[in-house]
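Look for chain A in each of the two complexes below; its partner is chain B in the first and chain C in the second.
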Partner chain A sequence: MKVITANFVTCAVKECKTSPASFPLHFHDAELEQQELDFQPEFIRNVLPRIDWEALRTISNELGFPTLPDSKPEGEALDNEQTLKDLHRLLLETHVTEGKLTCGNCGHSYMIKEGIANFLLPSHLV
Partner chain B sequence: MDYLVRFAQLHETFRRPELKACATLAGVDIEIIAYNEYSPYCVVRLPNEAAARAVAKRSILVKDIFELWGEGTNYEELHADVRRRTQDRWNDYIAVPFKFTIDYFAGTRSAVQKGEIIRSFSYMGFKGPIRLTNPDEEFFVMEEYVDDVEVSILGTTRTGDPRKIYLSRKIADSCREAVLKYDLKKRRYISTTSMDAELSLITANMALAAPGKLFFDPFVGTGSFIVAASHFGALTLGADIDGRSFRGKETGKLGIYENFDQYGIKSKFLDTFTSDLTNTPLRRTAVLDGIVCDPPYGVREGLRVLGNRRGKPAVNVIIDGVPAYLRPGFVPPKKPYGFEALQNDVLNFAVRSLVPNGRLSMWMPTTNDEKTEFPVPMHENLEIISISVQNFNTWARRLITYRRLPEGELSDISLARKKIDDQGTSADDLNAFRRVVRIIRELMTQYLANLLNQHMLPGHGTRVEKDQKTAE
Partner chain C sequence: MLPTPDTSHVSFDTIYEPSEDSYLFLDTLSSASESKWLSERFPENQEPSPLVVEVGTGSGVVLAFTAAQSQQIFGRRDILTLGTDVNRNACIATRKTATTAIQEEQQPSPQSVHISSLTADLCAPLRPGSVDVLLFNPPYVPTEDLPRLPSAAENDPAVSEAMSRSAKFDNDSYFLSLTYAGGADGMETTDRLLDAIPGVLSGRGVAYVLLCKQNRPDQVMERIRDWGGWQVETAGSSGMQAGWEKLVIVRIWRKDSS
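And then the complex of A and B:
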């Protein structure tokens, strides 16, 4: 699971969706891998406004990356190729191959195996 | 300027919506001047040649695009129109290496007639040279005759002469060759429910897949739609309630990723995860540019969502002191679900997740039986852009494309269905479409049995009856 995807998902339990504690889900025992991809600055520019920056900072810290700036790069900052490249590397080229994602509200954990997260819920949580 | 589009003569109800979607993608206005379902030739108005090139470059159902030099119902009219439209431009082509081609639909000409037709344009005064391979300019004479299909459906009279003739100058090919590149027969990872390459690519076009965009398929399966969306440059995510469908059987390999690798679009693949749309982990905010999907409707794949079947209590089962769901190999229970309820879930999900003007392109089945109607699902925050139909023998499927309206705009949904059908136990109770297919199947069986009983030897007749009982 790539870091960008972790910014789009929260706990699958319906009651958790309204709780601020459910997002972002927290990585535990995460095994990381880097994969080089074609640089796609237009995608970063298009999607960055939809990224929850606070959540990205939290995840980035949890995964042991250097601290991200306090505020999301906007406007002219996005003309800086290095900024875009750094974001590209973090969001698209970094992925978690094994580990768990845990909800801060209900405590439920979702397993990640071979890079694939499983968000299916047992029936008592549906 | 007027341009002539040459369509592939199939998937007719998809052709205009796809052409319009390609114009939207190219950011140009298109006006369709003349269109006939029973003909491959269509006249459109576009601002300029660059626009025509851009529109054609994205289309799957367009074969190629031409600058219209003249049209008529016979050669006299055509020549007069060519003179009127292009006389002042003949001089520009006087010394250009060129070629004349005769293209006809539902008709044919002998080599002698072809020669005569080409020579009839000699008044334009092109001095050549004539070059049959790689000419600088290629001119097309297109003759449209009445096709047998039109004769049988509309009862149009067929005459020996063409009904319409065009002269045009070729501008560009479409990207139709992608249909061959993505052919399922040559794809590494497919299953019985993979959508064919052509319709997948068309679906991606309808939803306006393009570089920089984020696309999602909540019923991803083997990834036909997201592969198509990524072919057009979108980065894609997929989810499926059954992780085996996108993972595949080979250990250490992700089946769906093999396809992205095969087509050289690995950089466009984001993630797949196992989840149920009705209990989706995606957060409730607009992040997607497009959603492309073919929700399961219980014909080939059973329709299931998370939850216990009716009557079974939802308890957290503990085995040896460990909750069952934490034990390895746990399979969460699933219950049957109505396909109308599922479609409403898809629409609600699209409203929550699409950015303003983002698109949802969703397939849904319907019958050819006029008595049983399946209304198009609607939502007040979604505008219906197009509905296209692919017909099979006893059923059909529709591709419905919606646009997420920006806040403050609402669409009229007074024609939408009111029924909510997520209560029910058996798959047939929940699924009106499946019920109809079953009834048709039963009628066919009965009819065949009667036919055999009437015409076969007595011994065979009894066997048919027996088979029928076993089948019941």
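And then the complex of A and C:
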């Protein structure tokens, strides 16, 4: 799974959806793999409005990436090719192949194996 | 005709093989009327990249087609796709079908990006309000019982590899039943998906859901109109039988799309 996935997922437990602590899910023991993808600056500019910046900063730290700027790049900052390249690398080229995603509200962990995260719940949580 | 994504790498032991309903999805999404509607809904220079989610991807043929033909369908190539399925094997298959189709159809870049395939029940792990285009080709066949959902453990590759021949046969039959068995009126799973739509779609979001004649599409559409604030229209249909459409795909979206 590409790192950008974390921007769109939350805990599968219904009661957690309304809790701010359920987003973002937290990576643990993550094994990463880089898969090269053509750099498309326009794509990153169009994706950026979809990104929850605070959550991405958290995720980026958990995965051991350099700290992201305090606020989301806007205006002229979007012309900075290096900024866009860094985001391209983090969001689209970095895959999490093994590890787990943990909910900050209920504490449940979802396993990632061979790049596929498993969000099926054990029966006591359904 | 736009090429159908290659699924020759997929083992159909536990995964639904692309069939008439899958192809109706491809034809509907790439039809002149739907691509016009979607291109106007998500204009490239004004709207950020749409997130397209397919629930129950199976082989991945529909999601792969949507990603690979995004220029024809949305008039843009910067779309993100994500798939869910209760069968881990289907997730692995979808990832390959999608990435291969994008590579083959979108050269040179820009290319759509398949961000992940998740093992999950319907939309359960998706963040509320995040989905722009939701696609669902459900298990729609009326059956006496609805098969239970698999557990996380049943999708562990180590477990299925250690199975005896007869246990594997039972396991395969069970996963295949999940691809078609819809319970009462064939609607039990579709009803759960419909219930999730208002929560999971973004303000500009739209859902495409396939229904068969036994699902009573007219009644389903009436129920959606009764939610208040939602519109529903038939976007595609196939297989006239004694004056009835055998399969239809309906488009569901918010009245006020701000």
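Going forward, the second predicted complex is superposed on the first by the 126 of 126 C-alpha atoms of A that agree within 3 Å, B and C clash if a C-alpha of one lies under 4 Å from a C-alpha of the other, contacts with A are read in each partner's own complex, and residues count from 1 in each chain.
Convention: a contact is a pair of C-beta atoms (placed from the backbone, for glycine too) under 8 Å apart; a residue touches a chain by one contact, two chains touch by 3 or more.
Nothing here was measured: the structure is a model prediction, and the numbers come from that model.
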Combined model on chain A: chain C and chain B, fit or clash: clash
Chain B versus chain C as contact partner of A:His124, first or second or both or neither: first
Residues of chain A at both interfaces, chain B in one complex, chain C in the other: 1-2, 4-5, 8-12, 17, 23, 37-38, 40, 42-43, 46-47, 50, 92, 110, 114-123, 126
Complex interface listing, chain B residues touching chain A: 211-214, 235, 237, 239, 241, 243, 247, 252, 254, 266-267, 270-276, 279-287, 289, 306-308, 312, 314-316, 323-325, 330, 332-333, 355
Interfacial residue positions of chain A with respect to chain B in the complex: 1-2, 4-5, 8-14, 17, 23, 37-38, 40, 42-43, 45-47, 50, 92, 95, 110, 114-124, 126
Sites on chain C touched by chain A in the complex: 44, 48-49, 51, 78, 80, 82, 84, 86, 88, 91-92, 95, 108-111, 113, 115-121, 124-128, 130, 149-152, 155, 157, 199
List of chain A residues in touch with chain C within their complex: 1-2, 4-5, 7-12, 17, 23, 37-38, 40, 42-43, 46-50, 92, 110-111, 113-123, 126
